[in-house]
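In structure tokens below, several structures.
Across the two complexes that follow, subunit A remains constant while its partner is subunit B and subsequently subunit C.
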Partner chain A sequence: MDNITAILAYTIKQHLRHKIYLVVFLFGLVLITGALVISSLSTGRVRMLLNLGLSSIEFLALITIIFTTVNLILEELESRTIYLMLAHPLKRWQYILGRFSGTVISVLFGMLSMVILHLALLFMAGWHWQNYYAIAMLCSFGKIIVMSAITLLISLFTTSAATAMSFSALVWILGHFSEELNYLGEKSANIIVKSVVWAIYNIAPNFSYFNYRDFWAAAQVPSAAWFGWMIIYTFSYTGICLILSNFLFSQKEF
Partner chain B sequence: MRKGKNIYMGIIFTFCMVLLFLSQHKIRLSWQPSYPHFNELITEQNGLQDISGILMGFRCATADIAWVQLIQYSATDEDYSSTMDLLKPLTLRVVRIDPYFHEAYLFSSGILAWFKNVNRPDEAIELLQEGIRNNPKYWQLRLYLSAIVYKKAAKYSEMAALLEEAIQYPDCPSIIKGILANYYKSSREYGKAIDIWENLLTSNDLEYKDRAREQLLILENLTKGKINGAND
Partner chain C sequence: MSIISIKNATKKYRRQHLGRVTETTGVSGLNLEINKGETFGLIGLNGSGKTTTIKLILGLLYPTEGEIEVLGKPMPDTEVLGKVGYLPEAAYLNKYLSGKETLELFSTISGIPRNMRNEMVNNILEKVGMAQVMHKRVSDYSKGMLQRISIAQALVHNPEILIFDEPITGLDPLALKEIRQLINWLKTRGRTVFFSSHNISEVERVCDRIGILVNGRLERLIDKSEWQNHEGKIEEIFVSTVKRSEKIGPIRFVPEGHEEAVNG
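After this line comes the complex of A and B, so read on.
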């Protein structure tokens, strides 16, 4: 446990000092404030400020998670600092878990700081607190956790950072396309197409479930049990990706 | 030792897999978000913008950008003297991206049904019917629909009573309040029109604040004229 905590603390420190992390969050502050300008172009200002702000927070968290997670282990492999790490009495799964948790915590910390700014802007625009904001943010956190685990896995089976980033971005898009893909598969008469689509639909993460900000106003909202299953879905998906990452990492010869 | 560790990892992996498929199954069975499919989107020339926004997971923000474009289109003609041919497709574009965007249904159906030069109540009814299908519990849409049906049947007092009820709700667009105030003006019920414009004067809608000031001046002159006429 001490080993994991030490790696976690080291990772958080490393990320907070990282230029990309700081630049992205500065850009986030600009983007959220920019939502003020866009929202003033039309009626329904608060709705726009709310949606554009929530989307900006998630988009910047996605960029941060892709950049930081892809370089998390690749950079250490290239600079050979990983030898120093593994020379300590440290198990590889502890290293993977510590690095992953540190990255997720630092990104969630960044998201929280953007949430504070966003809420300040919303209150200034006359918005009153509604619980759906907190649920929407928790869903967004869940999505970022799953995405981080997937990116870590991808970074371990690809050899270059650019490939890993492209693959991760593709998974993100696929995650929002899976319902539509399933619909297309159902329409197809070809059994091979149907099988491939079925496999992708069941293996790829379904990120549209996490977009609570899109469906909170729907006539039929999900029950509390649904959210319970969502939590299990998030952690089981993350767990599978981490176990596979650990497996790939343990196969590497140093 | 290594073999034992692998078995341990294998058990956790299998457990996670079971949990994943079970939760996925339960989620799909109990509730699924329902949105129009891509072939139902009305993208006009903005297909790339709309579809990429949805694929990136920013459905509401994409609908908001489409909404700004709709507002820009409807505001290009400040006097609403054009026939607003594109208003219905532009509104459908917004509500097919985000079917729960209540204000889009209310705003556009208001223009389509009650603006004299536009006068397309049938299109307004189509929009509201789609809105009711997507939002069966949002009853303001039914209220608007009833008011439009009364308008079509030339039952103006019934229509005004329904609109009077609609404007009591905080999410009623300013445009509907303006429509009702103008109806009262045309039916010479100046007191009621003044009440509505005074209410709009205190709202956050800058465009309607200016319009309220203008209308209140006009109505003041009209009521003075009415009083003078009665005295004579």
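After this line comes the complex of A and C, so read on.
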């Protein structure tokens, strides 16, 4: 356990001191503040501020998680720090788990700081607290955990950061349209198209499980079963990705 | 008693690019036994397989054939690594951490109990002369400072075996003297030291036994008795061994009138 927490703490320090990480979050703060200006020009001001802010937080968290996770191992390989790490009694799964958890916590920290600013702006605009906000953030965070896990896996079988980032961005898009893609696949008469779509549908994450907007639009609080399923999905998908990542990582030579 | 045992180890690197597979040999049929308390030096030209041998011992590479045992356990074995200290050629440290944070990290993953960690980290920082600057970021350190933190991470957990990969490459004479002093200190404490180098005279000064690697093969093993009181003996053996086996020819930028000396 000590090994995992040591790697976790090391990863958090590394991310929080990384200039690019800070630049992305500064950009996030600017974007959320910008949402205030844009919303002041429209009639549904508070609603717009709310939606723009939530989208900005999720979008920036996505950029950060893809960038940091892709470089998580590649950067250590480039600087050769990994040689020194693995020349110590550190099991490879401990390294993977520590690095992954540290990255997720760092991004959560960044998201929370943006949430604080967003909420401050919302309250100033006359908004009153609604539980949907917390649900929306929980869903965004679930997506970020899943994205981090799949990005880590992708980064371990690709050789360049650019390829891994492109693949991860593609997975993000597929994850949001997997239900639609599946529907189109089922309608197709071509067996190859059907099989490819089936494979993508089952391999890529399905972000429709995190779709809080359905509840928001219907002004409903989701059921406990929905929450349970979302949490099970997040942990199962993440767990499978981490097991596969560990398998790939343990095959690697340095 | 054998501390490191390499039996018929071969490491082949396979690279695939656009369907074309190329295979290169890192080391081939390597047999070597390192005894407890011994200081062993591995010398060879660039690309002769020194770093591959070290990575095989540390379990960073897996042998294509053969076996590597450290302290009686087949490698890779993470538990054994708790008794091994590794000093790489360059300081492979994370630039975002301070010197002290770096050592805290390595002391934790080396398995030092929590209640002893702080004391051991402070002790080693004192020993390497970095106590005054321990809170500075690694990115702000000079090359000499990086080398000292790197030495500290290799020693912080008081390992039984020290593996140094070209520790004196690019060092100034003062730092070179300090590394020699460190190896001698480790010898007096009964530690086993395995190190690779290009610097024959340094190896000669501190080692009990020397191995010459040529194209991944261990061509010669020389005992201290063979070079003691014979100045220049190792260089003579090294040059003749490498000359005999190396495929590349000598450099041809020869001043007029010296052709015979170069052509042998």
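Simple rule for what comes next: the second predicted complex is superposed on the first by the 247 of 254 C-alpha atoms of A that agree within 3 Å, B and C clash if a C-alpha of one lies under 4 Å from a C-alpha of the other, contacts with A are read in each partner's own complex, and residues count from 1 in each chain.
Here is the rule we use: a contact is a pair of C-beta atoms (placed from the backbone, for glycine too) under 8 Å apart; a residue touches a chain by one contact, two chains touch by 3 or more.
Here the structure is a predicted model, which is why all the values come from computation and not from measurement.
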Touched partner set for A:N131, first subunit B, second subunit C, both or neither: neither
Partner chain in contact with A:A6 - subunit B first, subunit C second, else both or neither: second
Which superposed partner A:E180 touches (first subunit B, second subunit C, both, neither): first
Which of subunit B and subunit C A:I240 touches, first, second, both or neither: first
Partner chain(s) touched by A:P89 [first = subunit B, second = subunit C, both, neither]: second
Chain touching more of subunit A, residue-wise (subunit B, subunit C): B
Residues on subunit B engaged by subunit A in the complex (per definition of touch): 9, 12-13, 16-17, 19-24, 26-27, 30-35, 37-38, 54-61, 63-64, 67-68, 71-72, 98, 100, 102-103, 107, 134-138, 173-174, 204-205
List of subunit A residues in touch with subunit B within their complex: 38, 41-45, 47-48, 51-52, 54-55, 58-59, 126, 143, 172-173, 175-177, 179-180, 183, 202, 206-209, 211, 213-215, 217-223, 225-226, 229-230, 232-233, 235-237, 239-240, 243-244, 246-247
Complex contact set, residues of subunit C against subunit A: 55, 58-62, 78-82, 84, 86, 88, 90, 92-97, 101, 104-106, 108-111, 114, 153
Subunit A residues touching subunit C - in the complex, by the definition given at the top: 2-3, 6-7, 9-10, 13-14, 17-18, 79-91, 253-254
